[in-house]
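Accompanying notes for the structure given below.
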């Protein structure tokens, strides 16, 4: 019977599916596709915001082997390192926090709000506080790292204890080209209670309690439930946060823009900050467009691969079987 | 289905409700004026506009105040889309690049035809930076160099002569500067700093003080590899890493040891900081002194912001009238003389005893006058943004103690040269 | 039993400790907003102001026409919220539940719009709005919300919609429900947590949106609060006391909204009904 209904439905369905996505398609055609194409064309031009001259692959040449290749690779490496560390740590942190804040805990509403507050705190306020946290001499972090701890020593009277700082020479963090990037990565963890956690929290609501009850009857422990029920059923949300996390982290901008300006010595020159510099400080809009398209292709390929692989681990309840 | 129509109606309503048309009265010309600044500046700009409109009843000025942090981005989008306002403020750091693209209109014809415009009353250096190919493309606002704001209370408590006294005695030198700064720098019993002598002086100043310079006259070559320039840069590095008198390597408004905190003895900054400190540096007495004298003499970088007329403005004459009013001696008596937002560009104002009279700090206002004598124009052309990036990278290497001045210069000079020699791309 | 109590205590300990750490900048914001000007820059910073002063709130509010800015922000945010909620859920429904030619390609195009940094499309986009003669109006800020509201929201809702089992759709269809009916009666009610997240994100992002208003608005009487807030800062630092006071007023509605909305992060009762 179901066959009888479905056949004609698919025709109607494809028509209606198209209708439903129309608002987006309309917006895409009018407002998005044009500027995207324009920037692609501009990436082959010299565009100083006044006149446009076609220069072929000049911008790309400059980027990969020409006078800018040092900055290009530097910004790409910085960004890739940032993505490599901040995304997995952030994802894990957000997921764990979401599970904690999904418990039946007294005052859970307050906790959720408190953990979300960093996303609402004005950027200037958090930047200032972070400056103090990371300050080499005055900072909270280095005060903690230089706390005197008793270290065992071997002296004339046998084993004794000497109080020495936990770390004698703590890093200069934002003022050192070796530690500025790790500092920004550390800082990104502060946002684990934000957007990603909320999405996980929403995702957790979609998992029926019955699964857990069944598992409990079978005598499964908390870890087992987490590993074999929560994680598999949460895969669509994890997948979303992973894709968005990577796309977002590759475009990290504000932290470096406000806190370090890309320094010291370009240690925190992120890719989009590099684009910004060329687009709006050096009037190299054509070159900026070329940079943007390289990032686009990179991210797009990455996302495509993940989508192709997702069928192996992402499980949708509503997928047509 | 009716849900669908609900949405359509909703969307349609939105379109109808939105937006509004500006009404224009005929006969009166409206010019649009874009500037950056904070809430206080907004009040000042509006007051200037009100005074202007009173004396020019046929012109209405519509002010767009744009946040400082995003001003130049917005400006560039407006210029690129040919929708820029009639009058716009531009920072000198961007002016040479923008004027070269033909975004601004020369105001020289208006000046030449204007018998009331007294070019001789301007300090020549204030006009110089607004010139392009021999013509004036704007006039200077917020002009000035660096002065040293110092915590008078801290010097008194220490019992040492303050920079202004030393200046008057002719003893205010870079060596004395380091000596004073060292005396003001304090640690607690754990060896942690609680007070610093000075912030990091500006790199323009440091290099010039020791007789170095940045670029050759034709802007084609970097001259930082001279022994003098290297000494200047090394001096900056030593302030942080040898004498330990300055809190952090980079000049930043986010420093924990701000001048306002009362834990910083001297603060070298633009002449226009007075309104900020009047509000925020309230816990102690403060005043100003000139920069110290180096082996090569006394220097400070002079610059301003340009008020310019948009090339495609439909009302260039009215725009010129407004710029002329804002930069007039009369207006500067108020903005520079009373509010101390910058120093004056007019000789007549500088000569006016009223200009120096002070009822609030700073009281040693002759420092503002002297700036004009030793101030030096910033060597800047349209390639500035390109070589600046390279210079700052090199400076970072030095100030984070990874290289000394000699190595840093070796690192940056070829890069700066390449940036200078490259044509605009 | 003691194990349970202990793990409970550990849970609270971790939660409270974490909350203390993450809220430090916020506490500092509140503390600064309550300081008299001479306390703002004290070193070491004073966490509990004395005397406590509420004057900054009034001062900040009147230093700029914030009542007007707030009205503009409320209008833009409200309009966007409605538009985004409806259009994004429709589009996401289309992508999650239907098969049509080119769907995969279109979906990748949708995702692709997130991957090109905005700096390089800013000027062409601005030119489009200028050609429509809509610069200095609220249209450029609001209309996009009615056209899908961006890839992030669509993709998010699509993921959630795809997690809803299809059995109910099919049952409803047999009962003669239209596709719009299914969207309205089945998908939306089952997606309350997802829609709540969309409400939260949509509200917050438009409430705090800076780049759009900065570029498209010119007349100061059309400014939004986020632009106003940045007018407390300039290259010489910020009027921190006023800035923090104004920021607190600005984010208070966000905190309240979040606090209220997070209640909807509970298991949908209907969900278990489906499986049963």
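In this document, chain identifiers A, B and C correspond to the written order of the chains, with residue numbering beginning at 1 in each.
Keep this in mind: a residue touches a chain if its C-beta (ideal position, glycine included) is under 8 Å from a C-beta of that chain, and two chains touch if they have at least 3 such contacts.
Note that the structure is predicted; figures quoted are calculated from it, not measured.
Asks: Which two chains does the highest number of contacting C-beta pairs join?
Replies: Looking across every pairing, the one with the most contacts is A-C.
Asks: Looking at CA centres, what chain is most distant from chain C?
Replies: Using the mean of the C-alpha atoms as each chain's centre, the farthest one from chain C is B.
Asks: Centroid of chain B to centroid of chain C, CA atoms only: how many Å?
Replies: 36
Asks: Please compute the C-alpha centroid of chain A, do the same for chain C, then give the distance between them in whole Å.
Replies: The separation of the two C-alpha centroids amounts to 17 Å.
Asks: Residues touching two or more other chains, restricted to chain A: which are they?
Replies: In chain A, the residues touching two or more other chains are 49, 128, 132, 138, 280, 285.
Asks: Where in chain B do residues touch two or more of the other chains?
Replies: 73, 80, 254, 256
Asks: Among the residues of chain C, which ones contact at least 2 other chains?
Replies: Where chain C meets two or more other chains at a single residue, that happens at 90, 123, 146, 233, 238.
Asks: In the complex of these two chains, what residues of chain C are touching chain B?
Replies: 37-38, 40-43, 63-64, 79, 82-83, 86, 90, 122-123, 126-127, 130, 134-135, 137-139, 142, 146, 178, 180, 184, 210-211, 214-215, 218-220, 227, 230-239, 242
Asks: In their complex, what parts of chain B are in touch with chain A?
Replies: Checking each residue of chain B against chain A gives 72-73, 76, 79-80, 97, 101-103, 192-193, 247-250, 254-256, 385-386, 389, 392-394, 396-397, 399-400, 402, 418, 422, 424-425.
Asks: Can you list the residues on chain C that touch chain A in the complex?
Replies: 11-12, 14-15, 18-19, 22-26, 28-29, 32, 44-45, 87, 90-91, 93-101, 103, 106, 108-117, 119-121, 123-125, 128, 143-144, 146-148, 152, 154-156, 159-166, 170, 173-174, 179, 183, 192-194, 196-197, 200-201, 204, 229, 233, 238, 240, 243-244, 247, 250-251, 254-255, 258-259, 262-263, 265-268, 271-272, 275
Asks: Within their complex, state which residues of chain A touch chain C.
Replies: Interface residues on chain A, with respect to chain C: 2, 5, 9-10, 13-21, 23-28, 30-32, 34-36, 38-39, 42, 49, 97, 100-103, 105, 109, 111-122, 124-126, 128-130, 132, 138, 190, 193, 195, 198-199, 201-206, 208-210, 236-237, 239-240, 243-244, 247, 251, 272, 275-276, 279-280, 285, 288-289, 292-293, 295-296, 299-300, 303-304, 307, 316-320.
Asks: Would you mind writing out the residues of chain B in touch with chain C in their complex?
Replies: 1, 3-4, 7, 10-11, 14-15, 18-20, 22, 32, 36-42, 62-70, 73-74, 77, 80-81, 83, 85, 253-254, 256-258, 260-263, 269-270, 273, 276, 279-283
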